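Just below is one structure, and these are the notes that go with it.
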Amino acid sequence: MERRSFLLASAASALVATLGGPARAQTDRAAQERQMNETVDTTKFKKAGPYTVGVSAGYLSNSWVVFCLQHIKYEASRHKEIQNVLVTDAAFNPTKQVADIEDLVSKNVSLILYWPVDEKAIQPALEKAVQRGIPTINTGGGFTYGPGTVSNAFIDQWLLGEMVAKHLAADMGGKGKIFAMLPIAGTTAAVDQLAALKTVLKDHPQMELLTAEHGDWNRAKAKQITENLLQRYPRIDGVFSPAGQMSIGVAEAFEEAGRLKQVIMSPGDEYNGWLKWVQKHRQGGAVTFPTRAGQEALKLGLEVLAGKPVKRGIRIPSEYIAPKDVDKYVEPNRPDDWWASTLPDEWKPS
Amino acid sequence: MIRRLPALLARTGIYWLLLLLLVLASAAIPEFRTPANLANVLTQSAPLAVLAVGQTLVITAGLIDLSVGQLAGLVVVLVCALADGSSAAAVPVVALALLLAAAVGALNGVLSNRLRIDPLILTFGMLSVLQGVIFVWTDRSIGRAPPELLWLANERLLGVPVSLVLVAAVALACGAILRRSRLGLHLAALGGSEESARRVGVPTARVRLAVFTLSGLSAGLAGILIAGRLGTGYPMAGAGYELDAIVAVVLGGTALAGGRGSIAGTLAAVLVLGIVSNALNLLQISAFVQMVAKGLIVIAAILANQPRARTRVVAA
Amino acid sequence: MRRTLSAAAIWLVLLALLAAAALLSPGFLDPAYLVNIVRQAAPVGIAAVGVTLVMILGGVDLSVGAIISFAAVLCAVQMEGRVENIPFALATTLAASVAIGLFNGIVIAFNRVSPFILTLGTALAVYGLTQVYSGGTARGVVAPGFREFFNFRLGDLVPVLALTFVALAILAEAALRTTRYGRSLYLVGSNRAAAALAGLPIARLTIATYAISGLLAGVGGIALLARSGVSSTFAGRGFEFDALAAVVLGGTTFEGGRGNVAGTVAGVLVLFVAFNMVNMLGLDYNSQLIVKGVIIIAASAAYTRLNRDPG
Amino acid sequence: MEAELNQPLLEARGLGKSFGGTVALDGVDFAAFAGEVHAIAGANGAGKSTLMNIIGGVFPPSAGTLHLAGAPALFDSPRAARAAGVSVVYQELAVLPLLTVAENVHLGRSGGFSRRRLVAETEALCREWGLPLDPRAVAGELSIAGQQLIEIARALAGTTRVLVLDEPTSVLSLGERDRLFAIIAELKRRGLLVLYVTHRLEEIFAIGDRVTVLRNGRKVATLDVSATSQAELVRLMIGHDVRERFDLPPVPSAPRRIEIEGETPRGKVRLTLNSGEIVGLAGLVGSGRTRLARAIAAVDREWPMTVRIDGKPLRLRSTGDAIRHGIVYLTEDRKRDGLFRPLSIVVNASAASLGRFSRWGLLAPKPEREATEAVLRRLRLVARSLHAPVSELSGGNQQKVLFGRALLCAPRLLVCDEPTRGVDVGAKDEIYEILMDLAADGVAILLVSSETKELLALSHRLLVMRDGRIVREIVGRTDEHAVLMAATGAA
């Protein structure tokens, strides 16, 4: 029932969406591995403080992104040489993000951290910034390789998908019928997660993938799709759903159909609403999608400004949280739309 | 003459506002007045300018076209997908896209003539259809814009943005249509009163068809510029432009009820919107607050532009 | 005769659609599934009831999507996860929704502005306010029992949420048919100037009706929160399209003075059954948008033709 | 002016038109020649406007044909009619207020375009025909008469051979009327055919050569004006004679006094009505009759009014207040602000008295239906069902529904603005009866009408307005001449 624009909006809203680029097959993974290990010569970006950090947000109306930004601000507070953090918000409008980046360049910021509405759309603007000697760091989303991006602090969707799939297979004892609930069709997240799932399933011939659906990071949509799937398939034994926000919708549909007991949910992420569900039902667990990506991005940027050589991309590793360990992470008095994080309390969003 | 004074003030108000904003922003924000930033403002405003100039004709004719934003978006996707960065393809693809945009505009015109439904609803429905068409085609960015479009939309010649030339050409063309052509007279007549226009022999159906076609064409040109700005076929590239265009037209002094339009006013209003957005960005005002501000500007614009009490002499 | 036909048409469409769906998938006619469609439709449907009233009055309200989003966020935040906060949260949410509707109504009642553009502007401002208020995340903790209550199935079948939608629709339909207020809506909608001469309090009616539309959109937001929890600060975006499509489909026209809530309910159900069919057939989800656009154009054209005044 | 040698310029052969089930025009034949002023006369509803619309290309006939200079003329649009040399100046002027005179004059034509040339051409045109128009003026700032001249200039700018004028004098002052007549004479001299549609007989005798009379959609006769008389035309138009004066009911001996006092830009207005009295309000177009009438019922508030009933002042801040105090306004324009066209007859009738038919906001359908039925039966409404849409009714019956609405408000003062406009002759008589009936019941009636005859026949007393002031009160017998003298300021 959601409008497509909303789908895209929420698509972008999960940080993963940030890489809207063409689908990359697994064979590209070797190339990506090579690219991210390249060393970047940063001498031309070297400059003395004080620094002004520019953040070009493709969107801010999303909880993951808000936490990510808080991580950036927290890290900035720990460096005296950082005088100011300027944040622009394109509110899902790539044309505005291009303008935002141009405005940040006009303001002559020292460094630009960004997460795009649409990666390709802002490449020209980013390239101009780089030409003007302003380093750019892609923050959070998938790995970007191009002249507009000096370095990446990113989370690997393929590895995440693989971890989720392996835990699901283990929980199901290696057999049964499942479906996959994925983000927006065509995004790196959707493509890499599905590819990883299929790779894992090769080792488990008794597991059958019924269908892969796209719930677009939208809890309501995931719920509605699942309601229809429950009509279509009389037997579903497991669900592959790496995004906790959608997992809640899926689980609710099963629960309302009285079929929750028959199904095994895969790990989601550390989305608080999902963690609450895990705590209550003691199953599923989580594979994290760390919001501290923002903090890592700023650290990386400071190294660039110092003229130190850096790698083209650093990977922020996902971790598995078992259902029994979830109590350490869940914050029952916090909203569903919240992320388990390592932020000090005073830096958490109010 | 004295009776017309308030109307005159209302019509020139936008220029005073523009001047005031320029002075204030220059004084308050040092980065604002740099030539590079001013050029930025112009480049950033170009797509909206083209769209709003086209919409000025539409609104002068007493119609409205809500489908232009998504139509521009369709052109963005089409151009980038087909050209995919190739210079050789630039001209034929752009020509094709403009043709398609004009055709969709003409379709609006034909449907409006045939179905006799309010243009607001018709083009609102068309907005949804076009959005669906784009997304059925692709739900992520595809293709690349040819380098010529990047040049057109972003570069400067002797410090002047290239896109400014296109905007000027479109504005002059539409100005000529509005002020110096029979079509302009007829569309003002249509906007004044459809019934009267029809009775005195204005070919209203043809005028409507022409206006919607021109509107489609301007949306196509705006799409070309947006494609150049983004460099890629982003499916939501045109979302929301229709509302911005209407706001610019209305702010610029064109009566929403039709009958009288001002291209220069529209251009000034586009600049006002561009400067406000640029200045708020430079001032670090959050996008959320900017959104509220935009909503309030919409409301203020239509409140300022509402039709005055009827001037028609009541018989008896 | 034509009038009766046009009123019944949408119900016939609904029946035909259900028959087609049943052929495609026998599970479709399962009462639990049908009731569930009503529940899915509740947030949009409740808002559409308000939009129907506004459109009978001759206006339109495109701010309902924004109000739904705003209400869902506001209500969740006010609950703070505690049962004792529920009444207060509901009250403030509904009050705020009414306030937005009042704003629309007052501006429209005392100015000659286009309701279409005005409410679009309001929508923009309300989305902005929602973001400012929430800081961009759907913060807020739903109190235990809140969602359970609305999703509780009476007689193991009908969820309270679906029942709420149906009850509100019946209430509104009854108000249209049997109250002075309802009658006044039709009068003002079919000829404002004549209604003024007949001494009807047009400004008051306008304000009240937009306020009701705001209120029902607020209820829609609460319904959305109940159905799917807090998910986003834009959760209701696009619902204004759906509501409008349903209202127009149900025979309420943009000219005002015609239409009813029963038609709207049928319109909402037609939309949702069609969308679910699109889903179940495995068609591209995005074709829904095309369907919606074509429906708005076709239904408007059809009703314009049917209602053309012969005199 | 007989058709001895030349063939008719415009000829209708068996012209018919029906809308849905109703026949508006039925087998009309007539022929008109270049160089004549051919009047089309007929009561309201006779088919004049249908005929005019067919000639002007607004819609095609459903039977018969139209011939222009001997060739069949099939106009599918006003544009086609214009191209063939047929121009129609409607009563509702088709002038675009935001455009200049020159632009208005040249609207609808095709070919090259230059604003300067438009002005030059318009200037030449106005000089040639002696039209007092400034080509650069904005049309909306001209008087109605000026705007009418624009339309005439527009007709003359083309290759017009046939000019149709629809009740052109209804909005003109006497002086303006004379100028129009002079222009028409000039057009005739230059060989145009002027079709002059009117129901004002004296004008037919002033400028017409021949007259074709329509009644109930059929042609009754075509006569030489010189060979007929007003009385004969009236008889042809309405089938019987108009009564000179009705037997008005006596005003009660101890009447309720309704005093009205107000402020207009031209000074104070004062008038008093007694219950059971019909007071006619005469005046030319633009004299402020309608404004005064609307101000009294608190419809418009540009002219603040104080109303006292038996010395007690009323607070009237809205039409609703006025209605609650029994002051009811009946509009001159049913379509604009009278009828709720898609809604049923009952709903239309009860619209102003919903308070009476509801309790705690709930409607009581049965009392509503019964009261409406009773009132409409008393008004002798003809309808297939009271639940049918009001738009199905004829003009006269629609007007009865509006009377019904007023009656249901239990009026003490009924302000009737042109109550017989657009109704047929039979219904007119019935409406006169209704007014007298109401007066007999003790309702005070302020009757506004442009038909002086109607005022003379129906009023106990006459007030004459000029320039927003009441300039004369006439009690007792008088004649049209005296009223006109007062209205024009000649007296």
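By letter and in written order, the chains are A, B, C and D; residue numbering begins at 1 in each of them.
The rule is simple: contacts are C-beta pairs under 8 Å (C-beta built on N, C-alpha and C of every residue); 3 or more make two chains touch, one makes a residue touch a chain.
Because the structure is a prediction, the values reported are computed rather than measured.
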Need the graph distance between chain B and chain D over the touch network, please. 1
Per Cα centroids, the chain farthest from chain B: D
On a C-alpha centroid basis, what's the spacing between chain C and chain D, in Å? 45
Rounded to a whole Å, what is the gap between the Cα centroids of chain A and chain B? 36
Distance between chain centroids, defined by C-alpha means - chain A, chain D (Å): 73
Express in whole angstrom the distance between the two chain centres, defined as the mean CA positions of chain A and chain C. 34
Multi-chain contacts in chain B, i.e. residues touching at least two other chains, fall at 131-132, 135, 139, 286-288, 290-291
Among the residues of chain C, which are close enough to touch at least two other chains? 131, 136, 241, 286, 288-289
Could you pull out the residues of chain A that touch at least 2 other chains? 3-5, 7, 60-61
Which pairs of chains touch each other? A-B, A-C, B-C, B-D, C-D
Chain C residues touching chain D - in the complex, by the definition given at the top: 178-181, 183-184, 186-187, 190-191, 193-201, 257-258, 307, 309-311
Note: in the complex, chain C contacts chain B through residues 107, 111-114, 116-118, 120-129, 131-132, 136, 241, 244, 248, 254, 284, 286-297, 300-301, 304
Chain B contact footprint on chain A (complex, rising order): 3-5, 7-8, 20-21, 57, 60-61, 86-96, 98-100, 102-103, 106-108, 117-124, 184-187
Please name which positions on chain B make contact with chain D in the complex. 3, 179-182, 185-186, 188-189, 192-193, 195-203, 259-260, 311-316
Would you pull the chain B residues touching chain C in the complex into a rising list? 111, 115-118, 120-122, 124-133, 135-136, 139, 243, 246, 250, 256, 286-299, 302-303, 306-307
